[in-house]
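Just so it is clear, A, B, C, D, E, F, G, H, I and J label the chains in written order, and each chain counts residues from 1 on its own.
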């Protein structure tokens, strides 16, 4: 039986072997880029049709379709503190600016949180003469503490 | 001797007592909003002039100025996984979307990272009929792996 | 040899493949909904008859019956702090309201605990014009500290 | 300077010394019982008026009012796994039934979570000839995964 | 304000200074030996009368009485794995014989647990020519899993 | 090659399949009940003769005999804090009563420990009209600190 | 499917079996010594040409080429604190001299970091009559904190 | 009584207040720069004469001299994984290049380690048109495994 | 009230201030060298007479005598893995040779342990032309597993 | 491919099956007893000749020779705190006597460590009428802190 982790590993290997990009896959499935990437990496359940289409494009074995469709137990970091430098920088942002973000949310909205469920994210390349910039936008609905 | 943590706690208590906002403080110091918040919370060294101005406005004791000026040992979370719900949601974003962000950075830029040093952040309230949204923008220079 | 974890994974995959619900399974086994779900996920020993019936409906391999019947070593979280957002929210409730629940139990009952053994739970959907609500009821016998 | 933790400890000691209950306090402040308990234990910011009223009733020192008013960094457990038996039973419920609750939420609502922010809880004593029962109701808005 | 931990430390120091034993204290308070020890070490709330009597005998300061009366947040080990050799041996018993005890409880009683709430313990010295023996008896009500 | 853990799993599965009890096995091997259970669960080396007899009764594969005979690296809990409720209650006893047991050992014997090596344990069902009781007796030689 | 970890293990075994050195491999691939070592151990993506050349020299199976080419999730230590003595000494250097290095960077450059991305390292043997010395040079671009 | 940590904090505050550099202090004490920094931060015992000289220059209280002279229990990181970005980058180097350094030491020297005791370190600023570089040199005696 | 940790810190500071050695203290108290060191560092209860003598020699405050006499909760490492290099090397010996020591004990004695209670240790300097050697002898009674 | 851990497990199983001792193996390989044990357990690289001889005597599969020859990543404990009682006692010695050993090394040698690399160990059975003793000698070169 294929797990969601094994299906994700198979997706990554197939991308290298077939020379496909996440953009190719998102277009083929007709789904947003970041959602597609997260879903094929095992963090969202993939609807039947898209799972079958992805398996076809990526030449995945049959039971990978079931794996992609399964409701995930989310959580993609292998340890509480990520070790991969590209991911770690975002953890570092939390360590350095977490309470700052919290204070500014409270100042602008009152007591509450940014939803990570009613949420979308975007990763963009912004040209800059001093070196292009990675701009990650986290965009979630504000949810006030409400009894 | 006042530590940077104690100085930050004194800043928070004074804000409540005096009814001041981070925006008030940023304007008084002439520094960007998020930077000011992070710095007064102890995550950046505050230049002498701003440290004295902040102490004056917030009626902090004299040795808080030294505390604010000290080079910080950064890291504001009290445990590897934050427990405060407002901050946790950002950790959850990492757990669910960390590898997605990594994949999209690699697809758009190649092997490398978003700098958390040459970096600025912004927290904005975006009106939305279905509920206003918290939009946090992380904006850092791309740094390619380079031997 | 099939472990209880592998049997649970097989149950989950079969449900997707066969389009069955937990409600279908609970009815087929004649057992309460939440108990059935917990038991097939490996947290309760399943009596022989029900184990065989479940294996038949879900087309599980033969030794999955033994796995379902085994007395479990309970504990379903993969780390002390759950990473899956749906499960995490309940951990967050503990972080924010744990001492509150404790205080109110002590105020209403005196020194003691709610049993998690003589215990049943219920998950219900309650319609609400402002958005339907998840209502989880934890219902356990009070056990007073008694020497 | 009084921290929120010290203010909570002072509240608990005053309750014993003065023979007050959480119900007395909730009535005096005009706020819901469980919310009042959580807030005085330091998990919610207390509005100015209620903070002053509580300080008066509980004979707290002056700067406890500021402490109660401060926006909390939430999280009340002293370690990731709680050691107090009354609180631990709820962690045990998560260990044994966490994935069950998750499965039933997904079956009844689709992919999403129960909010712990738009949320209320209730602790009740339900008489039962076989021993009275603690019934804890967790009641939160359903939030669907929504891109 | 005196915490329960500080009250316990004061009890231990007073015992050494005054040359008292736990047996002396249990007799003076009219409570069982092991219960008395646990309660004065801060793991049980001490009724008002006994708290005052203990404070008198042990010459504790006035607010230690409040500390002794407070409902404890139980949990006496300073780390998840105890380092003190006398206590560690009991953790080792769990590491080596935990599943054995579990199997024998299930074989003799069916699925369920020994209560640690409706529970008493006893420590006795049993003479033995090959070296006297420590005999610790853990005696708790069986609680069957019951939905 | 079969590990001791796999051999223990095979023992547990065979017991269910063949309907055998630990008492049956202890009688067949002529060894004490709790020792037998611990040994077949992989916590004691099993002498050649008993290992072969157990393999025969339980229809274990040939190399399980070698596994049972191997000197174990002891330690049966899957994490420092056990998650299984039946085992956890004994950890909870340590959390609540560990220092109490320590104090009473020191009061009755002086400075030293209860051996967990020169040690035997017993699990008994004691009838009680208010509910039968689990009585676990830990019986170890006292070892004084001796330089 | 071969993981990067399995490919790295295969590289190490092949080196022993074929009597090759990292220097041999670096020369054959035409890449810097330390980079080559890190890349074949799975910490850098290996370009297609070099991956195929390495597989040929080291007689690796076909899908090891895909494994070598994959973008790694970096992080090579098996636990947060390394246990291998050769690696541990560098962790010890951090424990003893970490804040010293930090202070001296701040004194010479101001607030900022040494990049671990725009970075190269070198390990050299320096003859010394009192015992040859290991000289490890860490050489990274300074990145100033810059908003 | 002043601890070594408190003495180090006093040193850091005095440096800011008096506008002194580590270079100033090293020259005044006549000791190497990095050693001086480490020693005043509490990681080396400071000889009596230097401790008194440092206390005089930095206007430290009398018992700070004793604190500086004490043999330290070394270890300067507040958690196993450092959170300060300037220090973290060196931990990241270990995560990414630790096994590489190990392999190259073994290739050049055979089985053994770089000593962290017979050891010196140097932090230098190396001008570079593409951005100045931090060059940290770790220089320790090779110690072969020797029975 | 003085804790055993504070008493130990006071002992260490007094030794530096008064220029005393552990050997001086052991002779003055008439107790073995290593036992004396461990006891004054808080790991053994010190008999009344020796506690008073030590307090006199070391000019400790009055209530340090009670602290020294108290039964300790043993365990002297500040984290599970020691960070001090002098102590770490012994942890490293366990990491590298722990199973070796275990195997040799089992080969020479059968199944059992070396007691750490009926135990003495010795630290000696052994001259060696290639560099003097630290020889630490751990000498404990063998305790066979015995039911 | 055989890992060093699998090779070690194969060695242990073969010893039981063939009735060999570590002393037999050390004699056959012509290497010191404790070194041989550690090396065959995977903590030292085994020279080609000895690896082949060991494989022959122990009837190991062919690629176990490569596994034995590989440079190990040392570290033999499965968790930071060992759970096996025979190994744990040595960890307990560190917890109770670690700082004592450190103090005595500093008193006899000055600031520095006992090498765990230029190191040998010995486990001996010493007859004693009160019970034979395990005497473990740790013998390492002193390394002074030396800049």
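Assume a residue touches a chain if its C-beta (ideal position, glycine included) is under 8 Å from a C-beta of that chain, and two chains touch if they have at least 3 such contacts.
Bear in mind the structure is a predicted one, so any value in this text is a computation, not a measurement.
Among the remaining chains, those touching chain A and also chain D are B, C. Path length between chain B and chain G in the chain contact graph, taken as the least number of steps between touching chains: 1.
Chain centres computed from CA atoms place I at the largest separation from chain A. Averaged Cα coordinates give chain E a centre that lies 46 Å from the centre of chain H. Once the centre of each chain is set as its mean CA position, chain E and chain J turn out to be 40 Å apart.
Centre-to-centre spacing of chain B and chain F amounts to 52 Å, using the average Cα coordinate of each chain.
Distance between chain E and chain I, defined via averaged C-alpha coordinates, is recorded as 28 Å.
Residues of chain D in contact with two or more other chains: 71, 73-75, 77, 80-87, 92, 95-96, 99, 102-103, 106, 112-113, 115-119, 143.
Per the contact rule defined earlier, chains pair up in contact as A-B, A-C, A-D, A-G, A-H, B-C, B-D, B-G, B-H, C-D, C-E, C-F, D-E, D-F, E-F, E-I, E-J, F-I, F-J, G-H, G-I, G-J, H-I, H-J, I-J. Of all the residues in chain B, the ones that touch chain D in their complex are 6, 9-10, 12-13, 16-17, 78-79, 81-87.
By the touch criterion given at the top, residues 81, 83, 85, 88, 92, 95-96 of chain H touch chain A in their complex.
By the touch rule above, chain J contacts chain H in their complex via residues 32, 35, 44-45, 71, 73, 99, 102-103, 106, 111-113, 115, 117-120, 143-147. Residue ranges of chain A in contact with chain B, taken from their complex: 21-23, 33-34, 37-38, 41, 43, 74-77, 80-82, 84-87, 89-109, 112-116, 118-119, 121, 123-126, 128, 130-143.
Interface residues of chain C, counted against chain F in their complex, comprise 1, 3, 63, 66-67, 69-75, 77, 80, 116-117.
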